[in-house]
Structures are given as structure tokens and as C-alpha cells.
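What follows is a pair of complexes built around chain A, which joins chain B in one and chain C in the other.
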Partner chain A sequence: MSLAESFVRARSKFFPDHLIGEILTKRWSDNAVPFAALIMVVVVFGALNPNMFSAYGLFDLAGQVAEYGLMAIALTVVMIAGGIDLSIGSVFALCALTMLTGMNVYNLPMSVAVAMTLAVGGLCGAVNGLLIGYMRLRAFLTTLVTLIMFRSIYELIMPNFATKIVLGFPDSKVWNELGLGSLFGLPYAVFVAIIIAIVWHIILSRSRPGWQMAAVGGSRRSAFNAGIKVRRVVFMTYVYSGLMVAIAAILYGARLNGLGTDTGIGLEISVLTAVVLGGTTLGGGRGSVAKAMMGAVIVLILQNGLLQMGLLGTTSAMVLGMVLIFGVWLDVRWLKNRHKLLNSSYVSPAYLKLPEDAPDPDKGGVYAVNDLLSTSQPLAIGDVEGPEDVAIDKDGNLYSGSRHGNIHRWLAPDYTKHEIFAHIGGGTYGMNFDKDGNLCVCVGGMGLYMVTPDREVVKLTDETNRSRWSIIDDSRLRLADDLDIAPDGRIFFSEATYRYSVHDWQVDMLEARGNGRIICYDPRDKSTKTVLGNRIFPNGIVCLPDGESLLFCETWACRLMRFWYDGPNKGKVEAVISNLPGYPDNINRASDGNIWLCLIGMRAPVLDLAMTRPGFRRRMTRRVAPANWLYPNINMGCLVKITPEGEVLEAYWDKDCVNHPMPTSCKEDRGHLFIGGVSNNRIGKWPVPGANPEWSEHTKWATYGRAAATKTSEKKA
Partner chain B sequence: MTGNNSSTAAQTPAATEVASPSKGRRPWYTRMTQESIVLLLATIMFIGFSISLNNFFTSGNVITLLRSVSVLGMLGLGMAITVIGRGVDLTMVATMVVGIVWALKLHDAGLSFNMALLAACGFAIVVGLIIGIIVAFAEIPAVFTTLALGPVIFGIGNFAFFTEDTHNAPTDVEWLRNLGFDRILGVPVSLYIFALLAVLVWGFLRFTRAGRSVYAIGDNMLAARHTGFPVRPLIVSKYVISALIAVIVGLIVVATNSGINTRLVNTTLVYDVLLVVVLGGIGLSGGRGGVRNVIVGTLFVGVLLNGMTILNLSYTTQNFIKSLVMLIALIAETLLNPRDEQTSQSGDI
Partner chain C sequence: MIGAIIDRVEKYLGRGRHSIAVPVMDGPLHPNNRLEEAQSLFSLKDVDNLACVGANIWCSSGPMLLCAAQDRQPEVIETLKSTISAIAASPEGALAIGVDGQGIVIRGGKHDRKEFTKVDGVALNCPTAIVFTGENTIAVCNGSKDKPAADWKRDLMAHGKSGSVWEIDLVSGKATKIAGGLAFPYGLCRTSTGYAVSEAWAHRIIAVKAGEKPRELLRHLPGYPARLSQGPNGGYLLAVFAPRNQLVEFVLREPEFLSVMTRTVHPDNWIGPKLMWGQGFKEPMQGAALKTMGIIKPWAPTWSYGLLVVLDEEFQPIDSYHSRADGRRHGVTSVTVRGQEIIAAAKGAHEAVVLHPITAGGAQ
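Presenting the complex of A and B:
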């Protein structure tokens, strides 16, 4: 291996390319830009005005952040549902006026004043909500008008109370404490705001009302058609917004204990800037409390910083306006191009060197191309599409999966009578009967299922333990592929890849990264656990009768492996055959104690070379249309019989591609081999020369019993 | 089948009425458009004010009314072009003030007034280009872009040109004074300019290819784009036109008032202009309306504002009443052009 190749190999092994794409699939990756902006603003203004982050500066800033953050959340809630609320500045002023008039002029108890303020805020919100939610007015212009309207109401009332508010002294300990007291050096308002923010975070991200808001904002029509009461949801967002603004106004009143003609003026623009900078989308469907808070802190620091630098109010508004436009621009572009970025960076090929000593079928030997499979009898032509795997029950009836998510059954002995045995819903792959006659099935995109003899469909598992540092959620099962049942009843199944869904399974080949794993489902305690990770498209599985090891194929790595899940060698993985000439799919038991192995396609030198050039494959996936990518040959393969130790005995081909050019699975039963193919429309029945006519998959349970008995007696001896 | 249908229709008179609205058998009140309703209201209000207010129907007041109407109407014409093309321009007042104040400053500094005006037009073109490019290429909603850019434009002016609130008109420019105070046949010149501009905009929207394209874009932007209209350049030019109109209006304001107050930006003038457009019946979803609607809207808003001023209502009360009227206009607009859940677009705020 040349030095350059070693470098390529090390790079693809240690440099986590695939994480970039995975991070982009996460919703929280949206927050990266605002977060960077936040850090930048803190550093720049912290350096310019050291006072800002002194104890007093922080106290003052924290109080403002609390009010600002609440208003940002208010606007976020409205915007997530696809609206906008420009009247918040005026509502804020009205609420502050209500609160201070209640406390300072009429000396009401604080609870009454708070209730009144909330009522005013809620009422203003309800006016907006009624107009926009129920009457379907345009949010932007409507709230622009109510902004003027509420403002004029404020300006009509305010002069009557202004002096009295300044002169009044409310006699409430809580009120004074709320304004001036502190806990851990921060005003109480901060803690109020934090609690409310947490509540909203839970509502928005983890509750039905929050999801409904996001649904309405994301696609109003779909939300309506899905039965969500769109108008009421929109109405409620404005009411919530009014209430939140009222709370912010209460905190403001407690902090400053006064108000002026300019209270709340221009607030709508700066809060909008905050929300948009945080990454909440104008137009709905996307937003969070974290985004709102980040934006609020950025804008506040920016505003205070500019003020302390001695800039005029209008100049500061100008800067804010530019920041706002820039923020929206960034957001619009990000939303538009994110999926492109994701598409071009998700596929991250790794280095894979396939052994060069693989036998060439064209040169004779055990793999020599022949016509042996052409004598098979095609069953079920046209009844089934894509029977990836087949199974035969105790009575000899034939079962198979299909592309449509059905389990089909053909009745013995001639397999002409056909019925849908059960409907599961996902593409059905590997299947096997357990000891009690239940049919266990791997379902793509869904997980591991079981169909009882009474046709009841039972979900066994659809998630496994999440690995500690995974970025995409690898606990969901995306492509469960084949399964086998160990002598003790545990079900071992392979998940081919957790980075791609069923439809893109070939793309995983271009990556050839260890995206797959072997998972164990234990029916005794119904637990699911990943027992072996980091495998290159693990596919077929056969549990060996020793009760402590299994064989599995790694399709893109062209090898057959043995894995010990129990016993003294527990955890050991060993290559049984490492130089297969093709891509192995399912493996199954033969009656003579050997193993049937299906090759779905043969290797080709060009692709083998490409596998050692991750950079080439990456460029290909970025610059060439997917239809023109290099893909493995998965058109023509063969059946191979091997010993459990790895000796290749014979290959069975369908040279003329009449019935089974691409077998994905086969099951031996009472002297015949039943052959399935994932892109085939038939199942093959082929008489196995020299097979034991008594043997079936079900007889293995008896031999397992014997093996277990001898094992215990050995232990006793 | 057809014969059968028509015979059924003939048997039931109600069905005929619904089936053929063009034959004019519907009652007159259902045939009224928003435009005619507003025109009627404006007339009623005018007559009402004339009877009830002593100072309303005097020649002095009517001329004041027409002057203020012409300013409102010209801004409305610019706004109408953007709204018909499914946009809106809330920066018009800021552009107007900053552009014309810059011209006045340049003239003070020694430049000839004509050159200064050219410079102001250049400023307007730059502003229009920036807005247009942000709306058309960055695809940020127009209403949002212009709302955010308003303070930016004003901030630039405040930072660079404004030394005091009021900037006086130059005394040495003869034609400016004529523009402001001359009358032809007893009607102020500014009204003729409004009429001229109205004819120009009408001709533009009606007869030029670009004008027709504005309707196409407003009606269905995606379809217009797929059909091959140069959608983005058209959007940009739309905002350049409205900014240029804004500067022309600024000139009229300077001429008629012998100066301009920069605090105009902080008033609700731009919303009055929007009120003119919406009340006149130009749908905010674009693609509908024309110059006639602007004139009707202008008459209504002009009479309303003038009447309220004569009634000596405070600025705040006026704002409150205006916002109420605007809200009613928006509700009427929504009722006349209903949007339902199946046809409304997401992200259309």
C-alpha cells in the first residue's frame, strides 16, 4: 500500500465527514449562525464597553433581557403559526399603563392589578386574533393598523395619569421586591422569565398545541385538511402573545415604576429583529424559544452598546433595520439552500479495499457459471412483487414478503392457491419461524414484527439503544434486513444501515462506511440491544447450533463473518470468507449442515477501484446526477453452498437469466429450495440434489435441544 | 342535455338570475363594487361636512383640501404600482423626505437647484434599486423589507443631511414658487401635476408592456415567471418608479409648504397612503385595480382628513379614527376578496 493510499485510508477512517451531513439534518443546526452572532456581539461589545458586563451592568441587562425575551417569545408564538404581531409595542405600553395606574394611582392589591393587566393584554390579543384568525385578515397590515389604534388609545389615556403615576407610592412588598430585589445577583424578573420560557419551550416542542401551531404555520392548507381547527389555533396565538406582552409590561412597570410618551415605540421592529435574527422564519412553521432568547440577547446588547457609544436613537434604529434585513436575508437563503447543502454533503464515502484475490467465475473453479438453477419451477408468478425472503411453515405452506407490505401465503402442496396472510405495511424482508410457529419478520422502515398463526401482527421492537455520540438518531430502526433465531429464542437481526432509508439502500454502497449493525431482541424481557456495530451493510444472518455464535454477511465488504455473542469468545468477530467474488445477501441453513449463501451481484474492477478512492466518489455524488452515479452490479448473481468453516463447495447459476438471475434469499425445506428475489415477481422451487427429504427449518429446534443437552452434560462432566 | 338544462332554467326564474348576472337582473346593491361604495361615502361625507361645518365648503378650504389630496394621491399612485404587482412600499415617505432634503442641502451648498433635483432622483433610483433587489433577488417579503428599510433610509438622512427639523424651500427658484402657489383657472398647479401623473401612470399600466406585466406578476408570480416574464427586473423597476414618484411628491410638498419638516417620517402619512390604495379597492393580493381606484380612495381619505382637521380633533384622535377606518377597509377588502384555507398561500403574511 502506497503512502498516498495509506493517507487516504487514514483520512477516511479518522476524519468524520459524515457528521457534517448528519448535523445538517438536525433542526438545531439552524441555531449555529445566531449562536455565533451572539458570541461575536458579546465579545465585540464586551471589549468596547467593559461596563456592560460588570455586576451592575449585568443586573441592568438581565432585567431588560427578561422583558425582551418574553416579548420575543410572544412574537415567536405568533410567527410559528404563520402570523405576525406588530402591535406588541402598543399593547406593551397599554399594559404598562394599566399596571402602573392600578398600583400607583388606585393602590389596588397587586393581584388585582396583575389580573387587570393580563386582561388588557389578552383583550388586545383577542382583537388581533379575531380579525386575523377568524376573519382571515392579513396579519401584517392588520397588526400595523392595530398598532396605530392601540397607540392612540394609550396616548389618549396616558396624560390623565402620568403625573399621578410618578407621584404614587404603591404599598406592596412583592411589587417593590420584584422591581428592585435580587437573587444570586440577578433580578427576580429573570427567574420569572426563565420559568415562563421553559414552559413555552415544552409547549412548543412537546405538546399538541405547540405542534398544531407549527403545523398551521408550516402548511395552513395541510393543517386544515388534517382536521386542525386552523382559525382557533391562529386566534389563540394572538391571545397568548397579548398575555406574554402583558407579563413583560408588568416586569417593566416594576423595574422602572414610570412610563413616558415613548414607551413601547419602535419595540415591534426591535423585537421582530430579535426573533428573526434568532432564526424564526417569517411566514411560519419554524421557530423556538431558544432562538427567541438568543435573538433577544443579541439585539439588546447591540442596542445598549450603540447607545453607550453615544449614537443617536435614529442611527441605532438604522443599524437595527440593516441587521434585520441582513438577518432575514440570511434566513431566507439558508432555508432555500439548506437541502441542497444537505444533499451535496450527506453522502460521505469511506475508504474500502476489497481483497484482490477473489476467484473469477469466468476462469472456472467452484464459482464457474452454469445452468443448474434453470431447472427450478417458478411459483406464484405475478402474485407477488419483490419477495426478498421466503419461509415455509410446519405444514409446508409457503410464505413470502412483498414490496407492498403484505405477507403472502401459498398453500401446500402445489402452491397455486394464494392468499394475503397478513398486512404489515412496510416492505418485508428477512423472515423466519420461531419455535412456536410465529413468523418473525424484518420490516424496512418499521422494525421487527411478528405474525402469529392466528394472523395477528405484533410489533416486537422498533428501536434499539442509542449510541452515545451519534448525531442522527440511530435508535430508530431504518432498515432491518434479515433475522435468525438463536437456540435460546433470542432473535438476532441485522440492520443494514441507519444512515439511509430503504429506498436509498444502494447509496449506502457508495459510502461503504460502517453504518450497519447486528441487533438482538430478547423475547424473554422484551429488550433490544445493539450487539455489534460499525458493520458495512450487514445482511444475511444464520445462528449456529452452538448457541453462542452466528454467521453474517457484509454486503458491500463482500465477506462472511462469524460473531460470538456468548460463551468464552463473546464479542469476537472473525472473517469466515473474506474474498467473495460478489455481494452477499441472505444466508440460510442447508439440510446437510452447510450454508446457502446468495450473491446478488458480482464485483467489477471499476467499482472495486472506486472503493479505494473516497474523494472520487464524493466528487461524483456532488457533481453528477444520481442517475449517472456508479452503482454496483446487482443484476446477476448466484447461489453458493459453503461449509460453516468457509469452504466453498459449489455455485448454482441461472446462466440465461430465465428465472433467478438475482437471488436474494433461499430456504431449504423437505428436499426443495425456495428462492426469493427482491426485484423478482416469482418464487423458485428447485429440487436440491442429494438433500435430506425429511429436513426442514423446523427440525432444527429438536437438534438444538440435543446440542443444549450435550452441552450441559459436558459441563457436568 | 343542454336543452334540458335551459328549460329548467327557464322554469325557475331564480336560477336564471344566478346563471346570468351580466343581464343586470341582480338588485343594484349587490352590483356595487368597493370603488363605487367608497365614492358614494366620500360624496355623502363631503355633503355632510359642507352642511354641518361652517368652514368646510369655502374656497380656501377646498383648495387646501385639493392640495393635500394631490400629495396623498400622488403617493397613492406610486404605492398602487407596487401593490398591483403584489408588493408594497412603506419607505415612500422616508425616501421623499430624505431625497428632497438632500436636494435642498445641495442647493444650499451652491449647486443649481435642477442639478440638486437630479441628484435627489439619483438617490431615489438607488433606494428603489436596493429595495427591489432585496425583494426580488433575496426574496424577502416586500412589506417586511420596506418596513425595515424605512428607519434605515431615515437614519441615513438624519446622520448625513438633517441639521434641523424644518428645511426651507430656496427663495431664489422662481418656478418652485409658481409650482406651489400659482393657480390655473382657480385650481392649484399641484393638482394639475397630480392629474398629469395620474394620466401617465394610467397609460403606463394600461398600454405599456411593462405595465401589463405588473398585473401579470401581481396575479400569479409563479405563472408569470414560467411564462417568461422578466419577473425580477420588473419588480426592481416597480420600486424604482415608486421611489422616483416619492421624490416628485417631495418637490410638490416643498413648493406648496415653502419647506419640509423631517418629522413627516414619524407621522402615519405612509399608512394614509396605504389607506388610499386599499380603500380605493386595489386588492392587497395584487393584480387588481388601477388609477381610478386611487382617485376614489384619495377623495375619501382627503375629505376625511380635512373634515377631522376642521373639527379640530387632536392628532391622536385623528389617528384613532383613521385606524378604525383602515380596519373597516381591510375587513371589507377581505370580505370582497375572500381567501379560504384551500387557496391561501403559506408564508403570505
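Presenting the complex of A and C:
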């Protein structure tokens, strides 16, 4: 191996490329840009004005952040539901006026004044909500009008009270503490704001009302179709917004204890800048409290910083305007390109060197191409699409899965009568009967299911334990592939990959990372546990009669492995055949104690070469259309018979690939082999030369019983 | 410096020189099944290099020169020293035969049995197309300076640009270079002003004339052009021997992978154009070429395709004959005209077919 190749290999082994794509799938990855902006602003202005982050500077800033943050949350709530509220500046002024008039002029108890202020805020919000939510006026114009109306009301009332407010001195200790007191060096307002922010975070991210808002903002029509009362949800967002603004106004009143003609003017633009800069999208459906808070802090530091640098208010408004434009531009670009970035970075190929000593079918030997499978009789043409696996019940009836998520059944003996035995949904893959005649099935995208002889569909499991350091949620089963049942009744099944769904299973091949695992479902306590992880597309599974080990295939690694799940060797994994010339799929028992192994396709030299070049494959997935991606040649495969120890006995080919271009599974039953294919439209029935005509999958339970009995007696002895 | 930076950026974004976009078959090239359904003339292994003299069709199969009389199977006339890579017939019935890696030999006419192995001191080792401009002059395409025609795939992967076009005086043996530095000139025919040459790796047809710079007549072909021929009713015919493919274009821009692939893998199993795909399980496959529910989709991306393009007097496509991914008449390398019929050789399918062009009346 050359030095360059060693480097490529080490890089792919130790550098987790795949995590970049996984992080991008997370909604919180949106916050990366505003967070970076926040850090940048703090560093720049911290360096320019050291006073800003002194104790006093922080105290002052924190008070403003509290009010500002609450306003930003108010606007975020409206914007998540797809609206906009420009009237918040005016509502803010009105509420501050109400609060201060109540406290300073009429000397009302604080609780009454607060209630009145909230009522005014709520009422203003309700007016907006009524017009926009129920009368369905345009949010932008409506709130622009109410901005002016509320402002007019404020300017009509304010002169009557302005002097009295300044002269009045409320007799409330709480009020004074709220304005001037501090805890841990920060004003009380900050703690009020933090509590409210946490509450809103929970509402927005983890509760029904929050989800409904996001649903309405994301797609109004879909939300309506899903039964959400869209108008009510929109109405309520404006009421919430009014209430939040009222709280901000109360904090403002307590802090400054005064009002001016310019109170609240231009506030809507700076809050809007904060919200958009934080990453809440103008189109609705996407936004969070964290984004609002980050945006608020950025804008405040920017504003204060510019002021302290001696810039005029008008100049700083200009700067703010430019920042808003930049934020809107970023929002549009990010929304448009996020999925492109995700698409181009999710597939992250790894280095995989396949053994070079694989037997070459072109050079003869056991793998030499023959036409033995040409005597296969095609059954069920047109009845079924994509029978990945097949199973035969005690009475000899034939079952298969399909890409439509059905369990098909053809009745013995001639298999011409066809019926849908059960409908599960999701692609139905590996299947086997348990001891009691229940059909256990791996269902793509859904998990492990069971169909009873009475056709009842029972979910056995759809999740396993989440691994500790995974970024994407790997607890859900995405691609359960094949299963087998151990002598003690435990079901071992393979999940081929947890990074791709059923329809993209071939893409996992380009990645060839250990994305798959072996999972055990124990029907005794109904528990599910991952028993073996980091496998390269684990596929077929066969439990061995010893009751403590199983064989499984790793498709893209072209090898057959043995894994001990119990006994003295528990946890051990060993290669049985490490140099298969093709890509193994399902494995199943043969009547003579050997194993049938399906190769869905053979290794192509060019692909082997590409597997050692992760960069080449990554560039390919970025540049070439998916229909043109390099795949293994899975248009020509074969069946192979091997001993459980790994000796290859014979290969069976369908040379012209008419019936079985890509055999994914085969099951032997009473002298015949039934062959399925995940992209085929037929099942092959092929007479096995020299097979035991009495043998079927069901006879194994009797031998298992004997084996278990001997084992117990051995233990006793 | 700036050029290098722009090149890096374009490489990352897949733009400019690094774009792997492939033109779609649309308009006059809209896919149909007319080549696939065409009447078979005869089957012959590796049939290639059609030339028509009267009602007789001359053709080649490996080193064998064959002749098929009207509605008869081709018969072997002579076996040459190496694979025949080009045949041209003069109006009077003399043949100029390109022998791969060797040169040109003449059969019949007044220059019978003459041989030309060198032009102007350069070995004529890759004669890909010949045309008579009179009984005493021929023009010939030398596909590559250093590789025989059989190694065409290697020339493609090496970004070959060493092809040339020559005019040879059969009396004196004097050769004149008409054009050089071409990316595998594979087809040649006379036009009213000079010659038209199909430049395979550049996916275009150019007009060449001694002492003048080549001029583009048709570019952005969706496949690799092979032989050109005069059409039955004016205009021209172009055989396109393999389709272009995004993955191939991509690999052509991956120098490291390309060099290892061409060094260690058999050419049949390369990611590259072929005359017939699906011949073995070691051949790579592209995602959408998977056989589903027992069939190959006609639009599947494959390494081979069957395409014959009808061009007008200005070399603009006006009609086409296709055999699609699920068909078998792939790898059309040669085309000729017999009266009102078009005869095409699908080398990939080892078969020659007869096509009846739509006449002015609209009937086939």
C-alpha cells in the first residue's frame, strides 16, 4: 500500500466526515450562522469599547436585553405562524403608558396596573389577530395600519399624563426593586425574561400549541387539512405577541420610570432585524427562542456599540437597515441552498479495500458460470413486485413480501391461486416462521413485525437502544433486512443501514461505512437491543443450531461472518469467508446441513478500485446525477452453496439472467428451492438435485429441541 | 495565477472545463425505435466499414474483406494482415482499405495492390476513414499518431488529440496534411468546399480545408461520432457509435483514477463507452440500469447505444434512427447508401440493417 493510500485510509477511518452531513440534518444547525455572528460582534465591539463589558456596562446591557429579547420572542411567535407584527413598537408605547399611568398617576396597586397593561397589550394583539386571523387581511398592511392607529392613540393620551408620570412616585417596593435592584449583579428583569424565554422554548419546541403554530407557518393548507384550526392559531399568535410586548413594556417602565414622545419609535425595525438575523425565516414555519435571543443580543450590542463610538442615531439606523437587508438575503439563500448543502455533504464515502484474492468465475473453479438455474420454473409473474424474501408454511403454501408492503400467499401445490395474506405497509423483506407458525417479517422503514396464522399483524419492535454518540437518532429502525430465530425463540435481525432509507439502499454502498448492525428482539420480555454495531451493510442471517452463534453477511464488504451472541465466546466476530467474488445477500439453511448464499451481483474491478478512493466517490455523488452513479453490477448474480465452515461447494447461475438477474433470497422446502429478488416480478421454483424431500425449515425445531435437551443434560452432568 | 484559482473554483463547482453536462437527445434526436425495428440485411461478426459499389456491399469482419451481392450473405474475398479499419470505394469500383496499424492498401482500379504505410514520414497506423476524391487521389483520417484504431478506448482515456487528415496522391504517393491535432477523426466525407470530419472525442463535426483552420459545423453531439456518408437525397448521414455519459465525462476529469483504471483494468470493464454493454458481470453498472421487474428501462444510462443521425446540407440534424438502452442494435460505426436505401453496420450487434428514409411524400 502506497503512502498516499495509507493516508486516505487513515483519514477515512479517523475523520468522521459523515458527521458533517448528520449535523446539517438537525434543525439546530440553522443556529450556527447567527451564533458565529454573535461571537464576532462580541469580539469586535468588546475590543473597540472595553467599557461595554464592564460590570456596569453589562448591567445596563442586560436590562435592555431582557426587554428586547421579550419583544423578539413576541415577533418570533407571530412569524413562526407565517405572519408579521409591525405594530409592536406602538403597542409597546401604549403599554408603557398604561403601566406608568397606573403606577405613577393613579397609584394603583402594582398587580392591578400589571393586569391593566397586559389587558391593553392583549387587546391590541386581539385587534390585529381578529383582522388578520379571522378576517384574513394581509398581515403586513394590517399591522402597518395598526402601528399608526395605536401610535395616534398614544400621542393623544400621553400629553395628558406626561408631567404627572414624571412627578409621581409610586409606593411599591416590588416596582422599585424591579427597576433598580439586582441579583448576582444582574437586574431582576433578566431573570423574568429568562423564565419567560424558557417557557416559550418549551411551548414552541415541545408542545401542541407550538407545533400547531409552526405547522400553520410551514404550510397553511396542510395544517388546515390536518385539522388544525388555522384562524384561531393565527389569532392567538397576535394575542401572545401583544401580551409579551406588554411584559417588555412593564420592565421598561420599571427601569426608566419615564416616557417620551419617541418611546417605541422604530422599535419594530430593530426587533425585526434581531429576529431575522437570528435565523427566524420571514416565510414562516421556522424559528426558535434561541434564535430570537441571539438576534436580540447581536442587534443591541451593535446599536449600543455604534452609539458609544459616537455615531449619530441616524447613521446607526442606516447600519441597522443594512444589517436587516443582509439578514433577509442570508435567510433567502440559506433556505434555498440548505438542502443542496445537505445533499452534497450527507453521502460520505469511506475507504474500503476488498481482498484481492477472491476467486475469479472467469477462470473456472467452483464459481464458474453455468446454466443450472435455467430449469427454474417462474411462479407468480405479475402477482408480486419485489419479493425480497420468501417463506413456506407447514402446509407448503408459499409466502413473499413485496415493495407494496404486502404479504402475498400462493396456495400449494401448484401456487397458481394468489391472495394478499396481510398488508403491513413499508417494504416487506426478510421473513421466517417461528415455532408457533407466526410469520416474522422485517419491514423497511417500520421495524420488526409478525403476522399470526389468523392474519393479525403485530408490531414486535420498531426501535432499539440509541447509541451514545450518534448525532442522528439511530434508535428508530430504518432498514430491517433479514431475520432468523434462535433455538430459544429470540429473533436476531440485521439492520442494513441506519443512515439511509429503503429506497436509497444502494447509496449506502457508495459510502461503505459501518452503518449497519445486528439487533436482537427477545419475545420473553419484549426487549430490543443492538448486539453488534458498525457492520458494512449486514444482510442475511442464519442462526446456527448450537444456540449461541449466528452467520451473517456483510454485503458491501463481500464477506460472511460468524458472531457469538452467547456462550463462552460471547461477543466474538470471525470471518467465515472473507473473499467472496460477489455481493452476498440473504443466507438460508439447506436440507443437507449446508447453507445457501445468494450473490446479488459480482465484484467489478473498477468498483473495487473506486472503493479505495473515497474522494473520487464523494466527488461523484456531488457532480454526477444519481441515475448515473457507479454501482456494483447487480444485474447478474448467482446462488452458492457453502458449508457452515465456509467451504464453497457449488455455484448456480442463470446465465442469461432472464428469471433471476439478482437473486436476493432463496428458501429450500421439501426438495425445491424458492428464489426471490428484490427488484424482480417473479419467484423461481427450482428442483434441488439430491435434496431431502422431507426437509423443511419447520423440521429444525425438532432438532433444536433435541440439541437443547442434550445441552441441559450436559449441564446437569 | 488568477486562471489557476478560477480553475480550482470551477473544479470544485463543476463548471467551465470541469462541467460534465451531457447534451440530451431532443428535437431531431428524440429517441425512437426505428433502428431497433429496422429490417436486417445480414449478420456478421464485428461488421464494419461498409462501402457500396453498384448493388454490392463491401464490408469487413476483423481482418477479412467481404462482399455481399444484392440480398445475399457476405462472402470472404480476402484476409488481410491485420484488422481492417476503413474501406472506401471509388466511383469506378477501386477499393482503398485501411489496415489497422499498417497503412492503406488499394484493391482494383489502376493502382491495384499499391500500399501506403507512411504519410510525410509519419506512420499511417490508425487509418479510420478514407474517401476517394478522384481515381488518383484519396483523403484519409489517421485517428491517432501512436495508437492503432483497435486501441480507440485508450486514446479516449488519454485525451488523445493527435489525429490528422491527409490527402494522398495515388500516382506519386505524395501526401499533403490538411489538418492535425484532432481528437480522433473517425469519419470523413467530401463537401462542396472541402472535407467534413467527425472528431469523436470532441463530439463534433468540423470542416477542414488545406491551409485553413478547421471550422465547426456541428457541435455538442450527445454521442461519439463515427463515420460520415453522403445521404441518399442530398445531406449527410452520421453514425454515432456510443453515447456520452455523465459518469464517463466525470472519470475523464479524474486523472489519478483514470490512470490507475487504464493501467490495471481490462478495457472491457472500464467506465467508458462500448459498442455493446452488458456482456459480462465485471462491467460496471450505473444506478438506473438495474433490471427491474424483469426489464431494462429504455432510458437507462448504458455504455452503448444505437444511433444514426440524418444531417442536412448544412450538417444540422433533421432526423435520427435509434436503438435504445433496452435494444440490441448498438454501436453503429459505419453507414453507406445503396440507391435510396441506407445501410448501417451495428458493429456491437454484429449485424447490418437496411433503413428506408422518409421521402418527400412522407411514406417510409
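Some points to look at:
By our rule, the second predicted complex is superposed on the first by the 716 of 717 C-alpha atoms of A that agree within 3 Å, B and C clash if a C-alpha of one lies under 4 Å from a C-alpha of the other, contacts with A are read in each partner's own complex, and residues count from 1 in each chain.
Just so it is clear, contacts are C-beta pairs under 8 Å (C-beta built on N, C-alpha and C of every residue); 3 or more make two chains touch, one makes a residue touch a chain.
These figures come from a predicted structure and were not determined experimentally.
Superposition of the two structures on chain A leaves chain B and chain C fitting side by side, clash-free. By the document's definition of touching, neither partner reaches A:Val8: not chain B, not chain C. After superposition on the shared chain, chain A has more residues touched by B, the comparison being chain B against chain C. In the superposition on chain A, contact is made by A:Ile84 with chain B only, not with chain C.
Residue contacts after overlaying the shared chain place A:Ile675 against neither chain B nor chain C. Rounded to the nearest 10, the angle made at the CA centre of chain A by the CA centres of chain B and chain C in the overlaid structures is 80 degrees.
In the superposed model, A:Leu630 makes contact with chain C only, not with chain B. In the superposition on chain A, A:Leu607 makes contact with chain C only, while chain B stays out of contact range.
Note on the superposed arrangement: chain B and chain C approach each other to a least C-alpha distance of 19 Å.
Counting contacts as defined above, no chain A residue meets chain B in one complex and chain C in the other. On chain B, the positions that touch chain A within their shared complex are 134, 138-141, 143-145, 147-152, 154-156, 158-159, 268, 271, 274, 278, 284, 316-317, 319-320, 322-324, 326-327, 330-331, 334, 338-339, 341-342, 344, 346-349.
For chain C in complex with chain A, the residues that touch the partner chain are 14, 20, 245-247, 250, 254, 256-257, 260-261, 264-266, 269-271, 278, 280-294, 301. For chain A in complex with chain C, the residues that touch the partner chain are 361-362, 381, 385, 506, 601-607, 609-610, 613, 616, 619-620, 622-636, 657-658, 661-662, 679-682.
Across the complex, chain A meets chain B through its residues 82-84, 131, 135-142, 144-146, 148-149, 151-153, 155-156, 217-221, 224-225, 230, 266, 269, 273, 282-285, 312, 314-315, 317-322, 324-325, 328-329, 332-333, 336.
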